[in-house]
Structures are given as structure tokens and as C-alpha cells.
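Common to both upcoming complexes is chain A, partnered first by chain B, then by chain C.
Right after this comes the complex of A and B.
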């Protein structure tokens, strides 16, 4: 019973996904491959949320700024035509200065708004989006010269709304693709014919290990100490504000890389839209995995990514088939997907209450 | 006896092959829901009714298509995962369409893609999809302004927001409008409205239009023509125009069914009956004393994109022709459903498969 109560959110989602999958009429192979692709392109972003959670800053909606940093780096590689896997990793390197700067500024702001980091981060995302549009739509081609006119709007000022990233699409996803074949063991046979993007998965695994190891270093312990109680940490001689800023910078840099991994899979960048949803979706995925605003693990991040995207794959068609109309399917999907995220938050509150009792 | 068995075997074989070969090919149609644009969705339904639910798969892209591109991609992928689907029509081609086409092409390169109303960069899209239908936005840059002048406008107000101004065709149209205004002596005013996909949502931008349009009339007088680039703003805009006796030359997506009936309080039972709706609007406009102040196109253009697109796609799926980019056939199909329209290629050399359309105009109550 305790176990059930503790994991109620993921359990609700597993049940929903199973029902949804049944009604969607999708083939297992399509579902599994789509899920694998989505897991590979999103898990990095979700994991980037863990450090601020453990440092007591709640869910960092500010990763939108990290995504912007990643996109700025992507634009540079497009302008200078840096191709292939080198282009991709160069983009990762180029994103660091942007992300560190944005993370540092976000950190300073969060320190001024202690205890309200989540709402601050959310609004900061909107504000940053305005600045981002100003840069991409007005400064590009006017203050910042771009030699390749094909990337600009007809007036020569501002990026066009979609930039093709063919130059490094699948740089890491298709570096080595592994496909299982001919397995006959009853349960494992469902793994046949799924394309595993090996390098991407290795990178995600490396990140998981790095985060795990980080919390065993002095800095990691500082994060935890600050997360548990700011005042005690302060008394113990930890520079709380500095540690918090470092946590946000880590998160922002990781989000920038996560966004680049996302983009190299999608293959083009919506200059004015790709980053907008990053914060809310990553946060939703983490919550669904059973994390809360004060506690999150790598396992929860990965499980959450799987469940969130599984629901998004099956729900449109399940909705359509259950309701018998394409658009009711869409409304149903929105209702279920966002409704359960709301429920997830409510269930967390309920869990906390029962714990107190 | 042996001969009989052989004949029987041959017949069985022919039948078996026949069922495989004639397993009815399907097409997929992806539209928005009614909250984004009712016309496309209804046209999609119409196609399901016309060809049968076993031949047409109709799905929708998310209302928040800017935020949920992954859902758009998955929806298109799910259609393509059905081996009988031979062609997919997407209208409107919201952001995410380019990525979706790429993903499908990786697994199946036999599928025909036909896109109506292209949101993403035109040259890139022309390289990805087989055929594209779009309203001729640059040509409308001159035609709308000239029509506004004909209707008596002295000022031309253009409502839009940065995200739309990042669409190359819309940005170009705005420039052309500004030039044309200068040339024929109208004052061009660009007014920035809130983005309906932003924090305020559709309600926020609608409210802005309801409040701002009367303000502008107060400033520039009733001989002001109003134009907005966004679908959800049309209804409040028409209401404000009627209230202030201003001028409304055309919707963003010109059609007698788009926003006009709702804004004027008309009941539409059949979304395909063009003569009926034209007459109803004409009467209502006269009743409101707005003769010569409201105009649109006679043909619902995005509905026709879907109708023509579905017909072209179905013919392709049925094996009536092989060349996916049969431009002559596409033009012919579009003319067949839409009537008097002008079609030209976006770029004859680099994007001949990107077809742009201008329809016929009607000014209601004009003597």
C-alpha cells in the first residue's frame, strides 16, 4: 500500500498509456520506434532539471534560456556551414558561453526571488523570448551582419522562421544505429526491429553518470545542503548564493546541449518557436516520473520522459478512435495530457499531506 | 481432373493477387481543429464523406501547433505507418511539417505530400513536399491595397505581430503593401497586436482588436481600411469595423465563410453553399448600411486547397498518374474546384511546384 501511494503518479500514467495504446490501434513497432526517438531527443533536457531541484530551487522553468543558448550556437554553425558530427559538437562548445551567461543572470535573479524561483523562471522565459525575438528579428542582418542572404527575410533583416539543419541532422543519432533481430525469448522479442541510436543513448548515460558522480563531490554535497536548508548551509559556511548560481548555470548549459540534441534529431529549427515549449514539457515529464519540486532522481527523469511521450504518441489516435471524430480526439488528448499533469501536482500535494500526518 | 485442379489453382492465384493489388489505397488528410480554422476541418470531413472513411484518414494537428511540433510529427508518421496510405494532404502546413516530411521520407519515399498554406520557409518546403498550394501573398500586397482605395479608404491599418512577420511571404506582402500605399496615396500604419499563441492566448489578442480598432477610427476617421494577418482576429475586427463604419477589404485567408458569417450573426448550415452565403452576406451588409465597405473572395480558398489536394492525392493513390509533381494536373484540379482563379509559381526555376493562387474579389453591396 505504501509503495502504491508513493508511486501513484507513474502508476496512473502507466495505466493510462496502456489503455491509450490499446485504443490507438498503433502497431507495436511504430509505437516503440517513435518512443525510442522521443526518449533519445528529450531525456537530456529533462535530466537538466535535476540539479536545481536538489539545490532547493524547484523546477527550473528557466531552461528556456538554455534552449535559446543552444539555438544561438546552432545558428552560428548554420551561418558558417559547419557540418556533420564536428559541426554538432562545435555547436555544443559554442553554446557554452551563451548558456553560462544566461545561467549566471538567471541565477542572480533567482537569488533575488528566493522561494519563488518557479514562477520567476516561467515569467523570465516569456521576457527572454521577447529579447530573443528582438535579436533574431531586428538585430540579425542590421547590427549583426549575415553573409548568407538565404537565411534572412526578404528585407535582409531577421532570420526566416525555419532554418534547415541538414548540415548536422542525425550527427549523433545515426552515428551508429543498433537494431535487434531474431530474438525469440517471449518478453524480449518485442525489442526486435527497434532502432537504438547508440551514441545518443551513450551520451545520455554519460550525463546520468556525471550527475550521479557530481552529487558525490564537495560541490554536489553543497547543492544538497543548500537544498535541504539554506540557513543551516549558510551557518555551515557554504556560500549559498554562489552555490545556487552554479546550480542554475549547470542546468542552463545542460539544457543548451539538450536542445541541440533535440534539434539534430528534428532536422530543422523553428527560429521563433522551438525553444518555447521546452520548459513546460520537460517539467511535466519530470513530474510524471514521480519527482516533486524538492526531490528528483535520474530514474524518475527517464521514466517520466518515457511515460509523458508514450501518452503523447497514443492519445491523439486513442481519442479519435474512442470519440469517433478527429478533432474531438485532439481535444481529448489535450484534456487528458494536461489534466493528468494537473492531477500529478495534486497527488504530490496529497502525498505531502499524508506524510505530515 | 488434373486440368480442373490447375484451372482452380490459377483462379485462386489470380484472386489472391487481385486482392493484394486492389486493396484500396488510402490518403491521409491533416487539418486544424475548428478552433483554429473551421473551414479546413470541415473540408477534411467532407473528403471523408466523399471517398469513405475506409479510404481517407483524417487527423488534426494540435491547437498549440507552435508548442507541440512533436505531436504533429507523430500524427503524420502514424498515417504513413499504414502501408496503404499513398498520399498525405496537410493544410495548413504548420511548423513541424517540414520535419514530419523528412521523418516519413526516411522510411517511405513513395508517399506523395501536398501542402496547403505553407507556414515554413518557401524554398525549403518546395524542396521537401511534392506540391504546395498557397494564397498569392505578394500579389495580394497590391490587390488588397488597391481594393481598399476603390472602397474609399484613406488610411490602411495592418495588424500583425513579430512571429507572423518572420514568415517570409507575409513579411514580403507587408512591404509590398507599404510601397503600394505610398504609390497610390494611402497612409500605411503598422499596428503591433499581441500574438494569439503567446501568453494572453487567442482571447487576449481578440480583446486587443476590439479595443484598438475603434481607437484607430477615432484617430484616422471612418475611411480607414483594416487588415490583420491572423485568423482569430478577423471576427472581432469585422465586428469593430461594422460598429465604426470603417472598411474591411479582405480576411487573412479570404473566403465568404471565414469569420464573416459569425461576425455578422448569420447562420451557416451548409459550409459548401457559396451562392447562398454570398447572398446572405449581401443582404446583411445592406441591412447594416455597410454597402461597399466589406469585401472578400468569392471562393473559400483553403477549403478548395483541401478539395483539390484530396482529389489529386486520390488519383495518385489510385495509380492514375505516376509523376508526383505533375504541375499541369495540379493546376487543372485546382481550377476545377475553385473556378475563376489565377495561378502562378512562386519561383519558376527554383520552386515550380509551389503554386500561388489569387481568387476573384467581391465587394458586398457595391453599386
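Right after this comes the complex of A and C.
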């Protein structure tokens, strides 16, 4: 019974997904394929949220800045036409300086707004979006010269709306070939039809291991100590502000890479839109996995990504089949995504109140 | 003992903004000795410990005078880190443990044993692995030393408080260079059997050559555990003695011993007050953090001034806050024989009770509103006074200003006029505004908490005199809670002493210093049997 109570959020979503899947009329194969793609491309972003949660800073809505850092790096590879898997990994390397800078600034801001990191991060995302547009829309082609005019708006200033990333689309995803011949066992044969993006999944697995191992180091221990009680950690001589900044930097860099993995799968970048929803969607996914503002595990991040995107896949069709309109399903999905964030935050505030008494 | 003392404090003085809180203390502790510091709240014990521990609060207020020697060497302690390096350990009054960590992780907090990893060669210490087996072994050793036999990998959350205390001590012990351990009221939260275990653990520590500074309000423990006892009162070192040369009631007397002339006491003898109770409190519990009340029975006589005293944290402040509905409470409170609904501030106000809070600037005042509005705010809200008649009722500012002007005169509130913001008033004048607001509710029972905290002497006397005047002229029953025993004894008819959330007993202001000291330390009944309650 307590197990049920503890995991009520994921259970509700499993039920919702099952019902949705039933009414959507999708084939298992299509569903599994789509889900696998989405898991590979989104889980990295969700995992990037774990470190700040454990360092006591709540859900880092500021990963939007990480996504921006990733996109800046992507623009550079497009401008210099760096292609293929080299191009992709170069983008990852190039995103680091941007992400470290953004993360550092975010960390400083969070240290000035202790206890209000979530709302600060959310608003910071909006503010940063303004600066981002300033750079992409005004500075590009004016202060920052771009030789390839095809990337710019007709006026010669500012990036076009959509930049093609064909140069390194599927750079790592294409290593999914996992087609064995001569398999007769029905189940394996069935699985063999799913496209596993093997390299992407390996990278995600490596990241999970790295995060897991990080919490077995001195730094990880400091994260956890600061996350539990800043005052006690400080008395013990831990440099609390520094540890918090490092946590945000880690999160921002991981988010930048996550955004690049996302983009290499999509194959283009909406210059003015790709990053906007990153924070809220990743947060919603993590919460659906059963995490809270102060506790999150890798398992919850992965489970949350699966459930959140399963709902993405089935809800438009289920809405169409039940209500006769795909819009209703869309509406329901958006409603659910933000509703989950709201409920999770309210539950957290309520738990904190009862603890005080 | 030969050679220099482990710790010697010479002529320590400290001023806070011209207010001398420590006046030339000198004492020493030898290796393996226990020295107990006893004194009332505000006697200077915490300031002394802050000096020893190099707390920033000392150095940001101009440092201190005097010298500290550790094993004969002059120690210049400027920060807690330096104190720790010199081998001074401290077990804090409130627990400094992380609940989600295991005992081992807490003992080794920020002193984790690490081993090299691949990345640590580049990024240094933060990337080193934790060496959990080695940490466990260390923790086990410290825990075994003080006889804490539980699993070292248990999470701290859910441990009984007694064990948490021992974990704190184990942590200090784990710092290998520890020479001097400060225990700040370690037994305050312990049951008696746990406290006994702690005293035994202290013996083990002193046996290892560690010196202990022991701060406690439990005088029997002080007698049992110490080699030396230093009594502080008002920042002065009143006595330095040994348990063999003194008795508990002698110490209690020294602790309180503030001379009050009987002429200063205005309290009336019991014969003048009839056994007619305006308020009957039965089994009242209040969940006020830091001032928990655990089942108080108390009767308030009509027309008296009843004092509630006791040491900080024992629950005296919780009583009034609980009855007035500011903190969750439980129990049975009857006013004039009628049960009062608890946990409802409005019900208490509607029953002609008023409250002047100890938290003047937080609960007491609307700091950014005028004096006049502060005075009438509760009356408007609760009784609908100072509003124009009719369906749409707006503030009757004329009546409000008129009344405020009267009150300013009557209570001698020093201000530029009724429209001045209360934020700009001095502490004493703010307190008068709070009292004025309570009075215009026309209560017949007034609770006043810490009415003179942080107020200069002149204003103090004025406020106390006014309370007496209200009591004598208007027949207002007053229940005054205060940490200052002298102030309670000067105006109260009876004084109830609270100890560990329960009523310890009721004394008359004329009773001896010794009785007050014993009662506040919870030792009274061991000396007098049960006849007092």
C-alpha cells in the first residue's frame, strides 16, 4: 500500500498511457519504434536535471541556457560546414565553453536567490531567450559576419527561422543497425524490427553510469551534503556556494549535449523555438517518473522520459478516436504536462509545511 | 598535574556596542579535566563559547579583550576553522547532523577518506573516490570509544535523540587532534538514562586526556561530572569551586543571587487574593518550536499579576502563544468556567483576552503602518470599532486619531505624532504601542510576553509600572512571561516556574534565591518533596 502511495504519479501515468494506447489503435511496432527514438533523443536532457535536484536547488529550469549553448555550437558547425560524426562531436566540444559560462552565471544568480532557484531559473530562461534573440536576430550578419548568405534572412541580418542540420543528422543514431539474420524465435524476431539507435543508447548509458559514479566521489558527497542542509555543510567547512555553482555548471553542460543529441535526431534547428520548451518538458518528464523537487534518481528520469513521450505518441490519435478530434488529445497532453508540474510543486510545498509542524 | 593547563582563559572581557557582557573572566582547565560552566540565560556562557570558537559574531563586533592559552601556547583564534585546527571541538545545542546521511557519512562529513580515481589526477580532490570501508572503520572506532553500539551505516533520520547526541560526540572524537571538547547543554534533550550514559562517555574521554567544557542547567549532573565549577552571573565570574566544596543549593543561590530589595516588590501576599479563578488551564500542550509545552496545569486568580518564568527553551513562552491560538495546541482551557476553543486566535480575542507578543517586530506590529493604525487594527478587525455606522463601513479616522493621541499621552510614547510609522520607533516605544493595542480591546485578561526584552532601563520601569497601574486601577488580570526573574519578582503576585514543558512549581516573589534557582534547574522537588505544587 505504501509502495503504491509512493509511486502514485508513475502509476497514474502508466494507466493513462495504457488507455491511450488502446484507443489510439496504433500498432505495437510503430509505437515501440517511435518510443525508442524519443527515448534516445530526450533522456539526456532529463538526466541533466538530477544533479541540481540532489544539490538542493530543485528543478533546474535554467537548462534552457544549456540548450542555447548547444545551439550556438550547432550554428558554428553549420557555418563552417563541419559534417558527419566529427561535426557532431566537435559541436559537443564547442558547446562546453558556452555552457560552462552560462552555468557559472546561472549558479551565481542562484546563490543570490537561495531557496527560490526554480522560479529564478524559469524567469532566467525567458530573460536569456531575449538575449539569445538579440544575438541571433540582430548581431548575426551585422556584428558577427557570416559568409554563407543562405543562412541569413533576406535583409542579410539574423539567422533564418530553420537551419538545416542534415550535415550531421543521425550522426550517432544511424549506428542502429542491429539486424541479425536467421533469427526465428518469435519474440526476438519481433524485437529485431525495432530500430535501436545503439550508439546513442550507449552514450546515454555511459552518462547514467557517470552520474551514478559521480555520487561516489568527494564532489558528489558534497552535492548531497549541501542538498540536505546548507548551514550544516557550511559549518563542516564545505564551500557551499562553490559546490552549488559546480552543480549548475554540470547540469548546463549536460543539457547542451542533450540538446545536440536531440537536434541530430530531428535534423534541423528551429533557431527561435527549439530551446524554448526544453526546460518545462524535461521537468515534466522527470516528475512523471516519480521524482520530487528534492529527490531524483536515474531510474526515475528514464521511466519519466518513457511515460511522458508515450503519452505524446498516443494522445493525438486517442483523442481523435475518442472525441473525434486530434486537437482534444493535443490539448489533453499539454494540460497533463503542465498539470503534473503544478501538482508536483504543490505536493512538495505541502509536504514541507507538514514537516515543519 | 604538571606543566601548563590545557586551556587557560585570562581576563576575558567583551563588549557589544558599549554593553559589557563579559567582565574579566579567568579560569583554567587541566588535561583530562571537566570544567562546568553554570549560569542563567544571558549570564555570558554562549558569548564565552563564541570567543573560544572564534565565531564571526565576536570579530565583527570589535573582538574581545584578554588572552587564551592552549597547553601554554597563546592561541589567537579568529575563525571556527582555526579553532578546529587547534583541536577544539564543539557539540552544539541543536544537532548539526544531516538526516539523510548515514552515521558514518555524518561522522566523516567533509573529512571523508578518499582514494585516487582516473579523473582526480587532472581535477584534484573533488574527483577522488570515497573510501567507504575506511570511513566505516574510523566511524566504528570512534563509536566504540564512547560505547555507541549501533550499526554505523544506519541513517541518522529516525535515530533517537540520545543516539544523535552520541553521533555528534563521535564526530568530534574522530578529529584526531581533539584536545578540548565543548559540550553545550548536551543533556537538555536526553532522558535520564541517556544522560547517565553521556556522563560515562565523558569519563572515557577525559581518561584519554581530552579536556571538557561542560555547560548544563542540570545541577546534579554538574555535581556528578565536573572537576571544577565556574558560576557566571551577568557576565561576571561569581565563583570557582569544586563539587566536594559545595552543594547544589549553594550553586543555585549563586546563579540567581540578584539582590532585590523587598521594598521593590509590589506583589501582594496570598491572603489578599481570593481563590477565584479567571482561567483554568488543564493539560495544555503547545507545539511551539523551541518552546514546547508538554502538559501544563495552571490556574490564574482573578485580579492578580501572575508571572511565568523559567530558562529559555523550557516552554514558558509557549503557554501564552498556545492559549492565544498562535501555535497548534491541545488541552482544556476554561475562562470563567467556559471552555475556550483552542487553535483559533479569534476565539481567544472574542473571549476578552489580549496578548502582547514577545516577537514585537514580527507578530506584534505592522511596521510600515502608523502608530494610530497599529493601535486600533485589532479592534477594527475583531470588534468592529472605529468604523463609521451604516452598510458600507469605512475607517473613522477622527475617532482613531483621538484615541491614539490619548494613548500616546497616557503611555508616554515618544514620537512625532500619531501618524508616525512604527518602524521608526525605538524598542521601548514600539512595546508601548503593542500594549496600547491590547488595552483598547478592553480585555479582562492580558498576556504579556517578554515585555522588556531589548528595552533600555528607563522604558522598562515605565512599562512595568504601567502594567501594575492597569492591574490595580482597572482590575485587569495579567499573565506576564519573562526571562528576567528580577522583573517578575518586582511586580508579580505569584510566579510559576516552567521546566521541560511542565509546571515545576509556583513561588512567591519573596521566596529565597535558592528556591528560584533550584526550581529553574528542575531540582526543587528533590529537596522539598512534593508539597510545592
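Rule of thumb we're sticking to: the second predicted complex is superposed on the first by the 313 of 357 C-alpha atoms of A that agree within 3 Å, B and C clash if a C-alpha of one lies under 4 Å from a C-alpha of the other, contacts with A are read in each partner's own complex, and residues count from 1 in each chain.
In the analysis below, contacts are C-beta pairs under 8 Å (C-beta built on N, C-alpha and C of every residue); 3 or more make two chains touch, one makes a residue touch a chain.
Remember, it's a predicted structure, so these values are computed and weren't measured experimentally.
Colleague: Label the relationship between chain B and chain C on chain A in the superposed model as either fit or clash.
Modeller: fit
Colleague: After lining up the shared chain so the two structures overlap, which partner does A:210 touch, if you call chain B first and chain C second: first, second, both or neither?
Modeller: Touch partners of A:210: none, neither chain B nor chain C.
Colleague: Scan A:164 for contacts with chain B and chain C and give back first, second, both or neither.
Modeller: After superposing on A, A:164 lies in contact with chain B but is clear of chain C.
Colleague: For A:331, select first, second, both or neither according to whether it touches chain B, chain C, the two together, or no partner.
Modeller: First partner only, chain B.
Colleague: Between the C-alpha centres of chain B and chain C, what angle is found at the C-alpha centre of chain A, to the nearest 10 degrees?
Modeller: 130
Colleague: In the superposed arrangement, does A:108 touch chain B (first), chain C (second), both or neither?
Modeller: neither
Colleague: For A:238, select first, second, both or neither according to whether it touches chain B, chain C, the two together, or no partner.
Modeller: second
Colleague: Examine A:144 and indicate which partner it touches, taking first as chain B and second as chain C; both and neither are also allowed.
Modeller: neither
Colleague: Once the structures are superposed on A, label A:224 by its partner contacts, choosing first (chain B), second (chain C), both or neither.
Modeller: In the superposition, A:224 contacts chain C only.
Colleague: For the superposed arrangement, tell me the lowest C-alpha distance between chain B and chain C in Å.
Modeller: Nearest C-alpha pair, chain B versus chain C: 33 Å apart.
Colleague: Based on the A-chain superposition described above, do chain B and chain C contact any of the same residues on chain A, and if so which?
Modeller: none
Colleague: With touch defined as at the start, can you tell me which chain B residues reach chain A in the complex?
Modeller: Of all residues in chain B, those touching chain A are 31, 33-34, 41, 44, 58-63, 66-71, 73-75, 77-78, 81, 95-96, 98-99, 102, 119-121, 123-124, 162-163, 165-168, 171-172, 175, 198-199.
Colleague: For a test of understanding, state which residues of chain C touch chain A in their complex under the given definition.
Modeller: 80-81, 84, 96-101, 105, 109-112, 114, 117, 120, 125-130, 287, 328
Colleague: Please name which positions on chain A make contact with chain C in the complex.
Modeller: Per the touch definition, chain A meets chain C at residues 216-219, 221-222, 224-225, 228-229, 232-233, 235-238, 246, 357.
Colleague: Which stretch or stretches of chain A touch chain B in the complex?
Modeller: 26-27, 30, 34, 38, 126, 133, 136-137, 150, 153-155, 158-164, 169, 266-268, 270-274, 276-277, 280-281, 309, 312-313, 316-317, 320, 326-327, 329-331, 333-334
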